[in-house]
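Presented sequentially are two complexes of chain A, the first with chain B as partner and the second with chain C.
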Partner chain A sequence: MFKSSRFPIYYKGHPRMFVKDKPIFWWALKWVHARFIIRELTSVPVAFYAIILILQIRALSLGPEAYANFTNWLKTPLSLSLHVISFLFVIYHSVTWFNLAPKAIVIRIGKNRIPGLVITGLNYVAWAIFSVAIAWLFLNLDNLM
Partner chain B sequence: MVSKITLEVFRYRPDQETQPSFDSYEVPCEKDWVILDALNYIKDQIDGTLSYRWSCRMGVCGSCGMMVNGEPVLTCATFLNKFLPGPVKIEPLEHFPVVRDLIIEMSDFIGKLQKVKPWIVRKEEKSLEDGEYIQTPEQLGDYKQYSMCINCMLCYSACPVYGLEPEFVGPAVIALAQRYNLDSRDQGKGEREEILSQDDGIWQCTFVGECSEVCPENVDPAGAIQRYKVAATNNWWKSLLMPWGKSE
Partner chain C sequence: MKKSSEPFWWALFGAGGVISALFIPVILFIQGLAIPLGWIESPNYQHLYQLFGSPVTRLFLLALISLSLLHWAHRFRFTLYDGLQVKHLNVLIAIFCYGGAILGSLAAGYYLWLI
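Entry: the complex of A and B
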């Protein structure tokens, strides 16, 4: 029957209203809801990457030996598979994010609104440029120093 | 011969039962009938105890929203023959408590709507001699889309976040707040920010986008929320970098 915890304000005068229970797997019944839950879950791999980065910096501060241990761990099958899975999730997170950008950003030139595709496109271009720049920086770090 | 179609209608009679059930009704499937016509047929010809809301029958009043085969729609704007050979499942709007049959309790929505002051707020009214508040077509264009909302609450039924967190202010209320925020005559942005920028405001939204999919008036509440997120973030940075400046 009526769940007072869900809608406390209704409960007072109307104890006989009906509120549907949500089954645990409610989100699996409709693709849009499943998509929503998958996207919420992508926050876990994003956090995973952040933690790895923090641990890596910590290992660096503990000296060469600790750092070597850490990079060895990174090469283990467990770490590699975690990274592959996280990578896919993070890509999904980013792609859905960029596709939504035109909804959030409204840019006008004169009286005309810039079409959504252009905004999405610019986001992807910026993404590619930044990725290439960062990759280049890391691959050439030895030469630069 | 007119074909027939079966409607499986959600029934809940709190004075007689504690659990809802479904009643099946066979109705003629006339070519030009919408779902609401079929419900009216049931009420007039088969079972006068069926309760539901409707008024305008032309997609204006926003009172006839129901779940039809699991999707929130205006029943006066959804043709019946689309669902042949049937059956069609009719349920009350999702995520709201049910008072009886297809009638939901909407005071949660109305209460939230009032909180964001959906009217033009002026710090100081212009005197009559100063004439009217002039607005250009472009300025009108900024908010016109959001002003089309008919308060049908389909977007609340479509929103999984609202389903999980009933405290969430929700799509239409935010779109309507934006309708006034973006109006060149309005000065109430700051007052609405308290409600919109709190935890149960815009930040609950994880951009599922379903609200905009189901909206019968193309209000695009999802777009309104994301635009407000950008504006709120800009304001936050501004207040951080220039604490002496006043936010509007």
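Entry: the complex of A and C
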């Protein structure tokens, strides 16, 4: 394993290779690197919301009283600030994810490769459709059930 | 060559990236901001209970929660490696990340079962 240290390390078989020391906060020095780390860290708010969903399902399963406690907690400043921050991060996650999708997905029709712009566009269309559908479901749930 | 488990975790990371990108913003906005702030009215408990208890919603929520957690596990693991360069804690970090995601998925499955 490579281990950074204050001194170059030489390996057997790689006599001329040495590992340069890198500061821990190397990514904070350049905006492109910081943006990369921010993008990777969007996974934390994603996990945060997954945990909120688990707590919501738990509260629902325990009954109306537990659920009222849960929704009261959602109104606290702590919860609201966590949700605002997480919302900004998950939007950033969606945008960066869809924009990178053409790099991961290669679809061909016959010999022609579908252009990346089309793949990204389809992702945004799907995003819009699902968002509207879920918002509609929540707004009309009391009439539907 | 030793068979690597990386492609497996990467596939789950990818699936989690897609499902969370498509669904979390809207659900978070409605349930975490719009309803608590009173912008829209909350559906009543009974109706939410029915919605969350339907088989389709249950399966969907299980997929959304577990894949989102596995997405986090994979991404966060490599952020720790690259960002903080804690490569010597490799095994510990992997256990923490994937283990946490698996525990969370089990909890989600358990509570969805109870609904």
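Note that the second predicted complex is superposed on the first by the 127 of 145 C-alpha atoms of A that agree within 3 Å, B and C clash if a C-alpha of one lies under 4 Å from a C-alpha of the other, contacts with A are read in each partner's own complex, and residues count from 1 in each chain.
Just so it is clear, a contact is a pair of C-beta atoms (placed from the backbone, for glycine too) under 8 Å apart; a residue touches a chain by one contact, two chains touch by 3 or more.
Owing to the predicted nature of the structure, the values given are computational and were not obtained by experimental measurement.
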Contacts of A:32 with chain B and chain C, given as first, second, both or neither: first
First (chain B), second (chain C), both or neither touched by A:85: neither
Contacts of A:118 with chain B and chain C, given as first, second, both or neither: neither
Chain B versus chain C as contact partner of A:130, first or second or both or neither: second
First, second, both or neither for A:106, with chain B first and chain C second: first
Chain B versus chain C as contact partner of A:24, first or second or both or neither: second
Touched partner set for A:61, first chain B, second chain C, both or neither: second
Partner chain(s) touched by A:40 [first = chain B, second = chain C, both, neither]: both
Which partner reaches more residues of chain A (counting touched residues only), chain B or chain C: C
Chain C-contacting residues of chain A that also contact chain B: 1-2, 22, 27, 40, 104
Complex interface listing, chain B residues touching chain A: 12, 14-15, 18-20, 70, 94, 97-99, 105, 107-108, 111, 138, 160, 163-164, 166, 206-210, 213, 220, 222-223, 226-227, 229-230
Interface residues, chain A side, partner chain C - complex: 1-4, 22, 24, 27, 37, 40-41, 43-44, 46-47, 49-54, 56-58, 60-61, 64, 67-68, 71, 74-75, 79-80, 83-84, 86-87, 90-91, 93-94, 97-98, 104, 123, 126-127, 130-131, 134-135, 137-139, 141-142, 144-145
Residue ranges of chain C touching chain A (in the complex, touch as defined): 14, 16-18, 20-33, 35-37, 40, 42-52, 61, 64-65, 68-69, 71-72, 75-76, 78-79, 82-85, 87-88, 101, 104, 107-108, 111-112, 114-115
Residue numbers on chain A that touch chain B, as the complex places them: 1-2, 6-7, 9-10, 14, 16-20, 22, 26-27, 30, 32-33, 35-36, 39-40, 100, 103-106, 111
